[in-house]
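Before we start, here is the structure in question, set down as C-alpha cells.
Going in written order, the chains are labelled A, B, C and D, and every chain counts its residues from 1.
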Amino acid sequence: MAHDHGKWGCACWGADDQIGAANLITPAKRRAALRSIDNAKLYDLSQVTDAGAPFMRPNQPPFLLMMWSTWRDAIARRRRIGITNDAGSNVERVEMTMHVGTHIDALGHVSKGDRLYNNRPAADTLGDWGLAALGIEQAPPMITRGLLLDVAGLDGGDHLGPGRVVTPEELAATAAAAGLAIEPGDIVLIRTGWGRHYGTDNARYLEGEPGIDVPAARWLTAQGVVAIGCDNMAVEVLPNPDHTRALPVHQHALAEAGVYLIENLALDDLARDKVTSFCLLILPPKIRGGTGAPVRPVAVV
Amino acid sequence: MAHDHGKWGCACWGADDQIGAANLITPAKRRAALRSIDNAKLYDLSQVTDAGAPFMRPNQPPFLLMMWSTWRDAIARRRRIGITNDAGSNVERVEMTMHVGTHIDALGHVSKGDRLYNNRPAADTLGDWGLAALGIEQAPPMITRGLLLDVAGLDGGDHLGPGRVVTPEELAATAAAAGLAIEPGDIVLIRTGWGRHYGTDNARYLEGEPGIDVPAARWLTAQGVVAIGCDNMAVEVLPNPDHTRALPVHQHALAEAGVYLIENLALDDLARDKVTSFCLLILPPKIRGGTGAPVRPVAVV
Amino acid sequence: MAHDHGKWGCACWGADDQIGAANLITPAKRRAALRSIDNAKLYDLSQVTDAGAPFMRPNQPPFLLMMWSTWRDAIARRRRIGITNDAGSNVERVEMTMHVGTHIDALGHVSKGDRLYNNRPAADTLGDWGLAALGIEQAPPMITRGLLLDVAGLDGGDHLGPGRVVTPEELAATAAAAGLAIEPGDIVLIRTGWGRHYGTDNARYLEGEPGIDVPAARWLTAQGVVAIGCDNMAVEVLPNPDHTRALPVHQHALAEAGVYLIENLALDDLARDKVTSFCLLILPPKIRGGTGAPVRPVAVV
Amino acid sequence: MAHDHGKWGCACWGADDQIGAANLITPAKRRAALRSIDNAKLYDLSQVTDAGAPFMRPNQPPFLLMMWSTWRDAIARRRRIGITNDAGSNVERVEMTMHVGTHIDALGHVSKGDRLYNNRPAADTLGDWGLAALGIEQAPPMITRGLLLDVAGLDGGDHLGPGRVVTPEELAATAAAAGLAIEPGDIVLIRTGWGRHYGTDNARYLEGEPGIDVPAARWLTAQGVVAIGCDNMAVEVLPNPDHTRALPVHQHALAEAGVYLIENLALDDLARDKVTSFCLLILPPKIRGGTGAPVRPVAVV
C-alpha cells in the first residue's frame, strides 16, 4: 500500500482543477478496469427513489413526484387541435434534491468554513441557482476499478449498528482478507449492512448509521481513491462520536481531498456473491450547478 | 439485414414484460460490446441541463434549480446547536420533468389511445404519483453496441432542417456506407446536426426538427434495436408531415415495439472522429414511476 | 329557524352557476354585515402557514418554502450589469397545495363519484392544470355575517376529542344559548378547541378530529349558510364513524349544496371575548383552476 | 397636505417594529373607512393568477399549477381500503413565488445594501427558508381608506407608456382634481392603464412600464400612506431613467419608509365608475417568512 501523502488526499491538480481525484482515472486505469471484465455479469448497486426515500431533515427536503401531463388529458388537448392518433403523453413533475436515493455528491456540496474544494471561496462559487464551479456537471463519467470492503459482519451480526465507527485498521484488515490492494484511481465501496433499512424502516435508517470517521477517510484518500461509497445516507458515521462535529468526512473527502462520496448504495448482491473487485460504472447526469446527481452505479465482472 | 417482423418491433416478451426490447441485450451481447473496447477512449454524449434547457410547451414544464440549504446558513444553524467544524452544506431543490436535457423515455411515457406498452390499460397503470408499471425504474442498465448513423450532411449542409423526414432508405444507405449492419440488441443513434441549437437557440431548436417518421422507426425496430437516440428533442420529425398526427414514432417505438427513445443527445464528437460503432453505456437512475430519466450516455471505443 | 329545504342545501342557482351558496350574499346582506360593525375591532382568524403546518398524507403534500433570489446574490448580479444602488431582492419559491394552513375549499375540490357541484362531470372539468370550472377564482369576495358556534366545552373540557361527532341538536342548542338565529347568507364557524394542536402537535392534530358529520352539515346548509368553517383540518369529524365513508361532509357541502368549507381556523380569540356575531371578511386570491386558496379571514365587530 | 417629514416616510416606530406604516391604520382610521361605506358595492381589484401570469426573469420564476390528487385516482385509492362513498379529492400542487399575480410585498422583500427595513441586518434576517423577521405573516389585515389616483389619461391616451415617470406634481394635481387629500393611514392606488397588458400581452407588460420614481414615492410616504398600489408589475417606472439604479422605489418604500407595495392590480372598474375614495380591504395570508403574499384586494363603497 505504498502511497504518497503529498500527492493524494489533498487538492493537488492545479488551481483551476474542478474534478479532484477523478484525475486519477487515467485512460490506462479505465482500460484495465474494462479489460478485467470476464462474463459481463452485471450488478445494479442502486436503490429505488420515490416519495418513500429517506431524507435528513432539515437540510434535505422530501422527494415528490406528481403528474404534469396525463394520457387522457393530453389526448383531449390534442383532439381539440385536430390531432387524431391519440398519443397520450405521461409526463411527471419531480421536486427533489440531488441527494435523494442512490446519488453522488459534487465536490462543491460541502464547505470547510467559507472554502470549497481547491480553496475556492464559497461566497463566489455558490449563487442562487447553484454552483458556478464544482457542480456535478464537472464530474466526468467514472469507469474504473471498484472494490468492495464488506465490514457488515465485523460485530458478529449481519450489519453494524448506528454510531459504529469503522476504523482504518478494520478497512485494511478487510481488504487484506479479501486479497485486495487499494490503488490510485480505485473507487472503494464499504458495506455496513445498514442499507437494509433504506425505504423499509426510514426512521431507523436515519436515526444514526454505522460508517467511517475521518481517520478511515484519510486512510482511503491517501491511497488515491476517486470516490468512497457506502450503503448508508452519508458514508460517514452518524452521529459523529465528537458531538461538536457535523459531516467531518464530507469536509475531508469533498473539500480537502477532492474525493467524491456515493450514498445510499445497494451492496447486498455483491456481498452475497463475494464479488470484491469489479469494473465500476458511474455516469452522473450533467445538472449544471448541481451539488450532486442521482446515479445508477453498476458493477460488471 | 435479415430480421423477423414477427419477433421484434412488437411486444413479444410475454404478458408481464416491462422492459421491452431491452430483453435483446443478452449477456453475450453485452460481453461482445465490452470486448470490442480497444483503448477505452470515452465520448460523453450528453448535453448540460439547466434552466436554459429547451422544453416543449405546454406538455413539459421548465427546469428550475434553486438552493434549499446554503453553506452560510447551514453553518449558522449548526453553530446554534453546538457544532463547531463549520461544515457548510449546499443542497439544491430541483423542479423538473424527467424529459429535460439528455434523457431516456420510459416505455410508459406515451400511450396509443388508452393502451401503454404490452397492451397495458393506461387507466390502471398511471396514477397520481406516476406509473405503477413501465416506469423508468424497470429499465435495466443498458450496456450494448451502439451505432451512429450520421445523416447530418444528407442535404449538403452540416445539418438537416426542421420538418425534414429521414427515410428508412437514407438510414440504410448511411449504415451501408459506414459498413454497419444493425443487429438485435443494438442501440442506434441518429445524428441530424440539429443538436447545435440546444441551449444556444432554443426557439429554433423547438420550432421544429429533422428526424425519423414511422417508416424509419419501423425499419429500425424490426431489426431488433433496443433504443433509438437522436440529437433532437423527440427523435421524430417535428412537425409531423401529417398534421393530424402527434408523436406517432413515440407511439410505435414505446407503446408498440417496446423500444426506448433517447433525446437531446450530443453526437458531434463521435461524428468528428468518425466513430460509428462503439460500446454504449446508458444507466438510468431508478426513479419509481418516472416516465423517463436524465442520463449521461457514454460511448467507449 | 324557518328554512326551505327546496331552496338551499342543494344546487339551485341554474345550470351555469359556479359560486353556489355565495349567491346568498346579496348586496343587502353584505351591507347589513358591514353596518353591524361598531368599534371596528378586528379578530384575525388564521393560523400561520409554514413547513411545520399539518397536512394529511397521502392526499396532501407538504408545504415547502425556499429562496429563489437572495439579497447578496441579487446585488452581485445587478452590479455585474452596472447597477450601483444595491437593491437586494429576496424572493422565495413555494411548493404547496392550496389546502395548507387556513384556507377555503373551492366547490370543485371534492366530487361525488364522477360529478362535481351542479352536476358537472368531473371528467370534463378537471384537467392536468386544474379546474376548468369551479376553481377558486370563481369564488367571490365574501363579506357577510359570521356566527361563532363554540362547542368546545360541550364535554366538560376545553376541547372536544378526536372522532367526536357534533350533532345538529348541539349546534342548535349552542346557537340558541348565544341568542343566534342562523339566516341565509351567514357563514358559520364552529369552534371545537382542536385548533390548539395545529402546528404544536401535528401528530395529534392529524390522528383524528372532532367535527360535524352529514346531519349537522345538512342542518346548516338547509338554512342557507354560505360556508362552514372550523378550527380543524377538515371541518368534518375524522375518522368518520362509518368507516366505509371518507369526506361525506365535503361531498354534501361542496358537491351537493355549493357550500364552501374553511379549514384550520384560529377561533380562540373570538371565544375568549365571547364574540359570536360579527362581520366576516374572506377574500380568496384568484388562483385559476385552484381547488382552494389560502386566506386570512378576519372578523370585525 | 400638512405632514411631518420627521414622522412618516421613515422607520419611526421603534427598534422592534416589523409592520412599518401599517402602524398608521389606527382603530379610528379603520372605523372611519368602514363607516364611509354606503351601498356596500364591491370592486374586485385583482387579476387572475395562472401559468400565463407575467413574471420578471431572472429574479422571479414562473407560476406552475398541476394536480397532486385527482378524483378518479383518489376514489380508486379509497376503494382499495374499503371506502365506498366515492369522494374524489382534487388537490393541486403549486410552485410559485409570492410575487406573482396581484400581491403585496413584505417589508423584507428588498434590501438597501445589507440592510432591510428598520435597519435590520439582512444577513441575520434572511435564512434558507425565508425571513426570520419582516415576513408577510407580520403584516396586519389592512382595512383603511383607499384612494385612486388615475393618471392613465395624462398623456392624452388611455394609458401611459413604458418608462413614463409619474411625478409628484402630477399625483398632486390628480388628487386635487378629484378633491382628494391624502391622509395618514391611507393606501394610494395609482392607475396607469398599463394593466391592460397583464396576461394578454406579457411581453409588452414586462418590457417596461409607466410608474412612479423616488420623488413621487417620497411625496407619498411623507404623507403617511400605508401602501402604494399600481396596475403594473413593480409600482415603479421601468426601466428606471437612471440606468445605474434598480428598484429604488422598492428600496425607499419597503426598506426606508416601511410602506408596502401592491402590484398587478386591476383598477379599470374603479376608474370606469370614477370611484376615487373607498374602503379598501387587503388581507394577506400568513405565509411565515414570505417576502410577499397573493391577495384579493377589494374596494367597498
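In this text, a residue touches a chain if its C-beta (ideal position, glycine included) is under 8 Å from a C-beta of that chain, and two chains touch if they have at least 3 such contacts.
Bear in mind that the values here come from a model prediction, so they are computed numbers and not experimental data.
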Partner chains shared by chain C and chain D (touch criterion as defined above):
A, B
Shared interface numbers for chain B and chain D above half of all numbers used, same, or below, different?
same
Based only on mean CA positions, could you tell me how far chain B sits from chain C in angstrom?
46
Go ahead and note the Å separation of the Cα centroids belonging to chain A and chain B.
24
List, in ascending order, every residue of chain D touching at least 2 other chains.
58, 61, 64, 66-70, 74, 93, 95, 128-129
Could you tell me which shape the graph of touching chains takes: line, ring, star, complete or other?
complete
Chain C contact footprint on chain A (complex, rising order):
61-62, 64, 66-70, 73-74, 76, 95, 127-128
If we count contacts the way the header does, which residues on chain A are in touch with chain D in the complex?
58, 64, 66-68, 93, 95, 129
Inside the complex, what are the residues of chain D that reach chain C?
27, 30-31, 34-35, 37, 39-42, 44, 46-51, 58-61, 65-72, 74-75, 77-78, 82-99, 101-102, 108-114, 116, 122-123, 126, 128-131, 137, 140-141, 143, 243-248, 250-251, 281, 283-291, 294-298, 300
